[in-house]
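The following block contains the structure, expressed as structure tokens.
Each chain gets a letter, A, B, C, D, E, F, G and H, in the order it is written, and its residues are counted from 1.
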Amino acid sequence: MKNMLKDVLNQVQAGSLTPEKAYHKLKDLPYQDLQFAKIDHHRELRRGFPEIIYGQGKTENHTIKIAREILKKGSSLLITRVEQKVYKKLKNDFPKICYNPQARVIHFKQQSPPEGKGKIMIITAGTSDIPVAEEAYITCNILGNEAEKLFDVGVAGIHRLLGEYQKIREARVIITVAGMEGALPSVIAGITDVPVIAVPTSVGYGASFNGLAALLTMLNSCAGGIGVVNIDNGFGAGFLASLINHL
Amino acid sequence: MKNMLKDVLNQVQAGSLTPEKAYHKLKDLPYQDLQFAKIDHHRELRRGFPEIIYGQGKTENHTIKIAREILKKGSSLLITRVEQKVYKKLKNDFPKICYNPQARVIHFKQQSPPEGKGKIMIITAGTSDIPVAEEAYITCNILGNEAEKLFDVGVAGIHRLLGEYQKIREARVIITVAGMEGALPSVIAGITDVPVIAVPTSVGYGASFNGLAALLTMLNSCAGGIGVVNIDNGFGAGFLASLINHL
Amino acid sequence: MKNMLKDVLNQVQAGSLTPEKAYHKLKDLPYQDLQFAKIDHHRELRRGFPEIIYGQGKTENHTIKIAREILKKGSSLLITRVEQKVYKKLKNDFPKICYNPQARVIHFKQQSPPEGKGKIMIITAGTSDIPVAEEAYITCNILGNEAEKLFDVGVAGIHRLLGEYQKIREARVIITVAGMEGALPSVIAGITDVPVIAVPTSVGYGASFNGLAALLTMLNSCAGGIGVVNIDNGFGAGFLASLINHL
Amino acid sequence: MKNMLKDVLNQVQAGSLTPEKAYHKLKDLPYQDLQFAKIDHHRELRRGFPEIIYGQGKTENHTIKIAREILKKGSSLLITRVEQKVYKKLKNDFPKICYNPQARVIHFKQQSPPEGKGKIMIITAGTSDIPVAEEAYITCNILGNEAEKLFDVGVAGIHRLLGEYQKIREARVIITVAGMEGALPSVIAGITDVPVIAVPTSVGYGASFNGLAALLTMLNSCAGGIGVVNIDNGFGAGFLASLINHL
Amino acid sequence: MKNMLKDVLNQVQAGSLTPEKAYHKLKDLPYQDLQFAKIDHHRELRRGFPEIIYGQGKTENHTIKIAREILKKGSSLLITRVEQKVYKKLKNDFPKICYNPQARVIHFKQQSPPEGKGKIMIITAGTSDIPVAEEAYITCNILGNEAEKLFDVGVAGIHRLLGEYQKIREARVIITVAGMEGALPSVIAGITDVPVIAVPTSVGYGASFNGLAALLTMLNSCAGGIGVVNIDNGFGAGFLASLINHL
Amino acid sequence: MKNMLKDVLNQVQAGSLTPEKAYHKLKDLPYQDLQFAKIDHHRELRRGFPEIIYGQGKTENHTIKIAREILKKGSSLLITRVEQKVYKKLKNDFPKICYNPQARVIHFKQQSPPEGKGKIMIITAGTSDIPVAEEAYITCNILGNEAEKLFDVGVAGIHRLLGEYQKIREARVIITVAGMEGALPSVIAGITDVPVIAVPTSVGYGASFNGLAALLTMLNSCAGGIGVVNIDNGFGAGFLASLINHL
Amino acid sequence: MKNMLKDVLNQVQAGSLTPEKAYHKLKDLPYQDLQFAKIDHHRELRRGFPEIIYGQGKTENHTIKIAREILKKGSSLLITRVEQKVYKKLKNDFPKICYNPQARVIHFKQQSPPEGKGKIMIITAGTSDIPVAEEAYITCNILGNEAEKLFDVGVAGIHRLLGEYQKIREARVIITVAGMEGALPSVIAGITDVPVIAVPTSVGYGASFNGLAALLTMLNSCAGGIGVVNIDNGFGAGFLASLINHL
Amino acid sequence: MKNMLKDVLNQVQAGSLTPEKAYHKLKDLPYQDLQFAKIDHHRELRRGFPEIIYGQGKTENHTIKIAREILKKGSSLLITRVEQKVYKKLKNDFPKICYNPQARVIHFKQQSPPEGKGKIMIITAGTSDIPVAEEAYITCNILGNEAEKLFDVGVAGIHRLLGEYQKIREARVIITVAGMEGALPSVIAGITDVPVIAVPTSVGYGASFNGLAALLTMLNSCAGGIGVVNIDNGFGAGFLASLINHL
């Protein structure tokens, strides 16, 4: 933004821009105002992909309107935490969009973002963690990354995990998805030397407290090299993994 | 109340009031007893608006009876956290009342309260925070304030917020509504010099713990000048903003 | 800041400012960089008082250096959560500064800020809440407000509170300070029509959980018109009260 | 139990009881074993009323079987937290039993327990607290106490509470029922000199955390003389009140 | 207070009191104002004993001044949570006062309050709970009750508890004091038919969370007839027990 | 695994195994890969019973596929936290499998595991705790243990518990299942000298916080010899009891 | 106890015991009453070792008196959570007693309890967990078990753990001691088939919340066969392990 | 490890290694056993730096012995959370080691690790967050990274942050360190496109709950691209940043 500021100042001095226009340029450029939402189309320029829509808590109507604006600009679309009925309505006008019911995600790749440099491995401790892993997988994908899934290799059967050791070592970034005691990232981080992103899930019996137990486990890992995201936040993990993978 | 006490004492001494009547005057004046509720009609005299009804946890029947009494007195009506079916029943007898389904509020302005002195700006971090913001907006309105909405300017796209800086500076009181990390009031309070009321919302992924995260953020703000209200309590924010705006 | 931006742009177009200088003007103006701290001297221009120093967690050395810079500029000084030994060291060079050992606050009024419009009443539930109330009192004072103290009128002896009713009604803004069950602001807000700022304190037996109980009480008040600040945050309450009182 | 032990021992020595019979007497007397439940009929002898059934978490079938056994013995029946459909099934055979849908309680007084010595006053802060208060009321009643209801006199309108002061002073035991900030018992205990039982309710906005806020308030009350029971536990309050009222 | 109001009104009408005097009578009577504290001497008239001083968080100076005023009036003195050095200072002028170092309580009985009707039994689960039990014991005593101690009979050795059954049955009110899992009141309430006051203590290993575990246990007791007070609040338990014992 | 490693190394040296085959032997042996799940058939060899399926959070489809593979191998089947509709689908192909609707468990014993050495006693505090106890019972059974149920003997009626003392003393391992205050294991552990496994349940009023209260009680038990498992985790208790009973 | 009851009854009938004596026999036998403590000497008969003293919260005086009584009876002594100064005082009269300053335990084996059947392995994740492990070790020892220590094999370096696999497999019972994320028991339970006792420790950075994180991890373990004890409760783990090892 | 396994297997087949030696090679290679600690010297080979020592909870003696072994091998040394007195003892033999008293870190770079590819920017919200930032800085440094500090640019003075925008954009990885409301990473992540590591600190008033508030804020950030580490865990942040910076 400071560069933009300098540019504008230079143009104003050079006479190619009046102060009034400069003011409006700075004010109007970055987003499109729908009153109930301000869509940050500029984000695509800055980061190679458009704004992602968090579906939860939005009215169907609002979600659909924002989605339309993004699709009309030719940008790729990603809506998380969204019900199938929104997909069905949106599909009438944009028949190519996809819906993943486990991950509850609408996605459509209209643009090819810059490619990530390596492979992102997405590992779950159990089968119940798959929905969150799928959200991460779709996110990695739409952001231009090669991603691979490795499911149900939790630490209670450490041989299953060690049996996939070679595959794990091929990753440039690792996303670990685990509920219950959430110990998977600790073990993974101990046997690899790439960044590990840890996603706690809300899977578990009572004292998991909807993912709090796994969250605390991951934050307290004695193994270095782990960055934690929010409970069930597959999208956040995929996004961070992609940023790292594009370095 | 003490003034009222003095008045009563003076009248008793002056002979215009017997002790017995004085006693009953003090006892009976302030509210109307429906057994299941004591309606504080006196509040309108003291504060310029009648008792507000908190709909949650009340039976339909109770809510409707209280509402009728308030409307029959010619007072303005505000019911928060109330379902549409209550509105439909009440509308038969009082066809002018309104219902806002996002905010889940019944409202009807029969009386013009004293006007607030400036503008109250209601700002949300995201689109999902709108229901709470609407509750605040309707509250501000029925209490006699000019209010303006500014939605979806959360701190993750700081340029959207700064782009509205001039509008924000026009406010006499600011209500900020934010879920997830709830950082909006900190940034707003840092760039303005009017009171900022912060409303955490229950919008967010798992570790938002239904608004607890945003609540703690707001209480811990390093920016001075912020007063926090309960999670999702748009009404409380609007009420406090109105008190300040009437000073 | 947007106004400042417009001004700078106008000067650049008018020739009174080169783009390079404009850039540096924007960058350098607002604060003084001590490496370990960035002092926001500009704040005094914007808001009528300088940056307040939060003493806790800072080294003695850092605190003293920041204080010196503020005092050397002729600004008023306020340091909260600070030990007496810092005061003693600072006093050698600035003998006029004061220390309040109960509130653990260093303060010195070198500048007269704009005067607040009414009186701020600071009310505590008990005697143990006084240190927090004193922090609020000093803050109100240094920010240009008339403030009055009313201590030990908690709700368990409601007659003590009602006995001071007339005094309470004279306030333009009320700060309530209470630990244990923290019910004081609910009762106060019910009998007044000015904004009530609620400060929970960490005073109490075990299940007060160091002020959490009082905090929750205040957030859940059924009486409208209450804005809550952090536990034991007398400064924050004084600051918000002052903002309101200057409207 | 020790007295019973002594009696048995004396009978054994006197020859009126064989050791074998004594053993079985001690083992079999106190309860009736339905496999899934052990009904403590003996409790009625010890305490003047039979075992109360906590309906939640029990299968319909279990609840009904236990209820039948109690009714068949001619004892009074009290089932808390129970759905209407259980009532409807049970009513076929026992047409006199009653159901209170707000309190979700089945009750039927077949026996007259010893009478309590004074009046139990049941006071709620708001209208939404009534279901819990009704559970307490029915409990007091079936246990032989005169009880009186006083609803919607929360502390935010302290005059409504003080207006009922005389009525409150007539009670021998007071049950206060309050959600949100739960400050009612503090104020009541401050103006009376009888035991106050405090029942927090789960009524409130987000940061009430389903009654936790009110619970903490009540535990931290600075007013002496308050005993707290579980959240929404109207039965527990009624039971304790009755014990005290029978002293 | 309402009776007092009626009296005053009658006197005003009768001419024996001017309105102005009436106003001051109502305002000045109930407490003595030391600025930092408002001593409620009137409480002794209303309830048979004076205000109790909660020592924690008060300056030595404040505590001593309040104590002096109470002692000078000839009232009994009770200060809880107070250090020995306060005792030593106060003892110079009032050599008869006592200090219990385990309970950290200063006490002196100058007045004989009305006598309680039965015996209050104070039972601890372990030896580590004794300080809290002693606070309760002294409180019961100064408020005019016969109290008896029964220590270290926790549920892990149920025979120790049952061995004292006869003694327990003699009580009119029972105070149970327990840390760790806090199960003592459940068992006691199951074998008696008098009110049981439960005091959780902060005794225990890590997951006792300073008494939270015992507190929750007591609130969730499946045995009816238990009223819970704050963690380590021996005073509160003694106070409530005394109220009940004076009925 | 180290023994297996040594064996493999010896075979490689002896020429009976090539390094390549050795590698694959180590890698492939332990589990069957269904992509979404890795079934640990090897577990049956190591521990005498196959992998247990945790149904919650798995799609119906996934659960059924895993179950089929286990059943096709001739292993015993245990699925916990599973809905009846999964049972109905699976039953078409495997008509002998059973479903327990209270425990929500599918089970079928195709193999006879090694027999446990003594009896496992499963004790509940109340009738509402039965579903969890049944999950434990079925687990004990399928793992080869004799188990006996003893329901509704909570500590509030201590005589019911003591009345079953002889039966309790016959157990080699005891599982105690309790919600609300969860005090049962403390009392049981105090009167026996075998290991006690404690299962907190989510049964209770508000401040049980879905089993947290009972969990903390059990962790804080002053009686030695108690091992705690997760809230409502009947399976985990049965599994641990079986391990102990097979020693 | 029931057997004892039957015996007593038989003796009474046979004339060898009067009812009065029988009563006193039952009452007096089980413990020695020091007023502030009831020492359960009978426990040694029932369980093979005497009462253990929990030092925390007890006065020095009380601890020493209880210890003396136990030592004078010739029983073994174990005091946990006790300061060195108590040891020094006690050592004057009983010079053979030992103190472990890391574990803060006084111990002295005067009696040889029955021997445990196998080896108890005590494993820590890190070096900081050693004090808790030592408390467990001493407990195992004094209760008659062979115990072996294996320290600093946390999951972040899984090869260190697997490198000790053979040693681990030799244990009959395993105690795992871990702070931070506490994942050690999950991995251990996955590779063994004996009971695993999990002890969370308070070792860790901020979000370990003094052991809460490790506690939750252990309760939520996806590996069956784990029983959890309280945070830092080495004694409890040793006690449970010993019970199992004596089966 | 699997590659190592294959190598060993090949050598065994080739005759260059006996099975017995192969076994010991696998077992002994990875770490050095000091009984109380297992030093993972192998880690330096795998990851380019040796094991880091977490000082807290270790005895001085243990810490020093581990440090000596690491230093004697010629490896670099990093001890976190360690007191100055340990440094002083260690310095006698290794005079070149350094101690940073704010960060409480001992460090000494004997080896040059592989260099990171870009710059790591370490940004704090306030001056009180500096100790944690210094721990991160030293960690980055010893692991071979260029790091730069930018302190006291919290969101309450957003212009201070934007004033450093150009510097921030130069980083390849950003570490943000913030207490109180912890909103800094949200704003930073919104204006950059590199990974942001968020470290909550325990700096703040009461409701920061020792860093919990900042932790939740960071986990709930609406800005993508943030990985969170434990409260006050500067080391963990530096370690993760270094891993990313070496990709």
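Quick notes
Definition applied: a residue touches a chain if its C-beta (ideal position, glycine included) is under 8 Å from a C-beta of that chain, and two chains touch if they have at least 3 such contacts.
Small disclaimer: the values here were computed from a predicted structure and weren't measured.
Path length between subunit C and subunit H in the chain contact graph, taken as the least number of steps between touching chains: 1. The minimal number of chain-to-chain contact steps leading from subunit D to subunit H is 2.
Which listed pair repeats C-H comes down to matching contact pairs by residue number; over half match for B-D among B-D, D-G or F-G.
Contact count check for C-E and D-G (C-beta pairs in contact): higher for C-E.
One inter-chain figure worth recording: subunit C and subunit G are separated by 52 Å, centre to centre, where each centre is the mean of the chain's CA atoms.
In terms of their C-alpha centroids, the spacing between subunit B and subunit H amounts to 48 Å. If you average the Cα atoms of subunit C and of subunit F, the two centres end up 57 Å apart. Centre-to-centre spacing of subunit A and subunit B amounts to 37 Å, using the average Cα coordinate of each chain.
In subunit D, the residues that reach two or more other chains under the touch definition are 1, 26, 54, 126, 157, 159, 162, 191, 204-205, 207-208, 212, 215, 219-220, 222, 224, 230-231, 236. By the document's touch criterion, interfaces exist between A-B, A-C, A-F, A-G, A-H, B-C, B-D, B-E, B-H, C-D, C-E, C-H, D-E, D-F, D-G, E-F, E-G, F-G, F-H, G-H. Interface residues of subunit G facing subunit E in the complex, by the touch rule stated above, are 1, 26-28, 30-31, 35-38, 40, 42-43, 54, 56-59, 62, 66, 200, 202, 210-212, 215, 230-233, 236. Of all residues in subunit D, only 1-3, 46-48, 52, 54, 117-118, 162, 165-166, 172, 191, 193-195, 197, 215, 219-220, 222, 224-231, 235-236, 239-240, 243-244, 247 touch subunit E in the complex they form. By the touch rule above, subunit E contacts subunit F in their complex via residues 125-126, 154-159, 162, 180-183, 186-187, 189-191, 204-205, 207-209, 212-214, 216-224. On subunit G, the positions that touch subunit D within their shared complex are 5-6, 8-10, 12-13, 18-19, 22-23, 26.
Of all the residues in subunit A, the ones that touch subunit F in their complex are 102, 126-131, 149, 151-153, 157, 159-160, 163, 179, 203-208.
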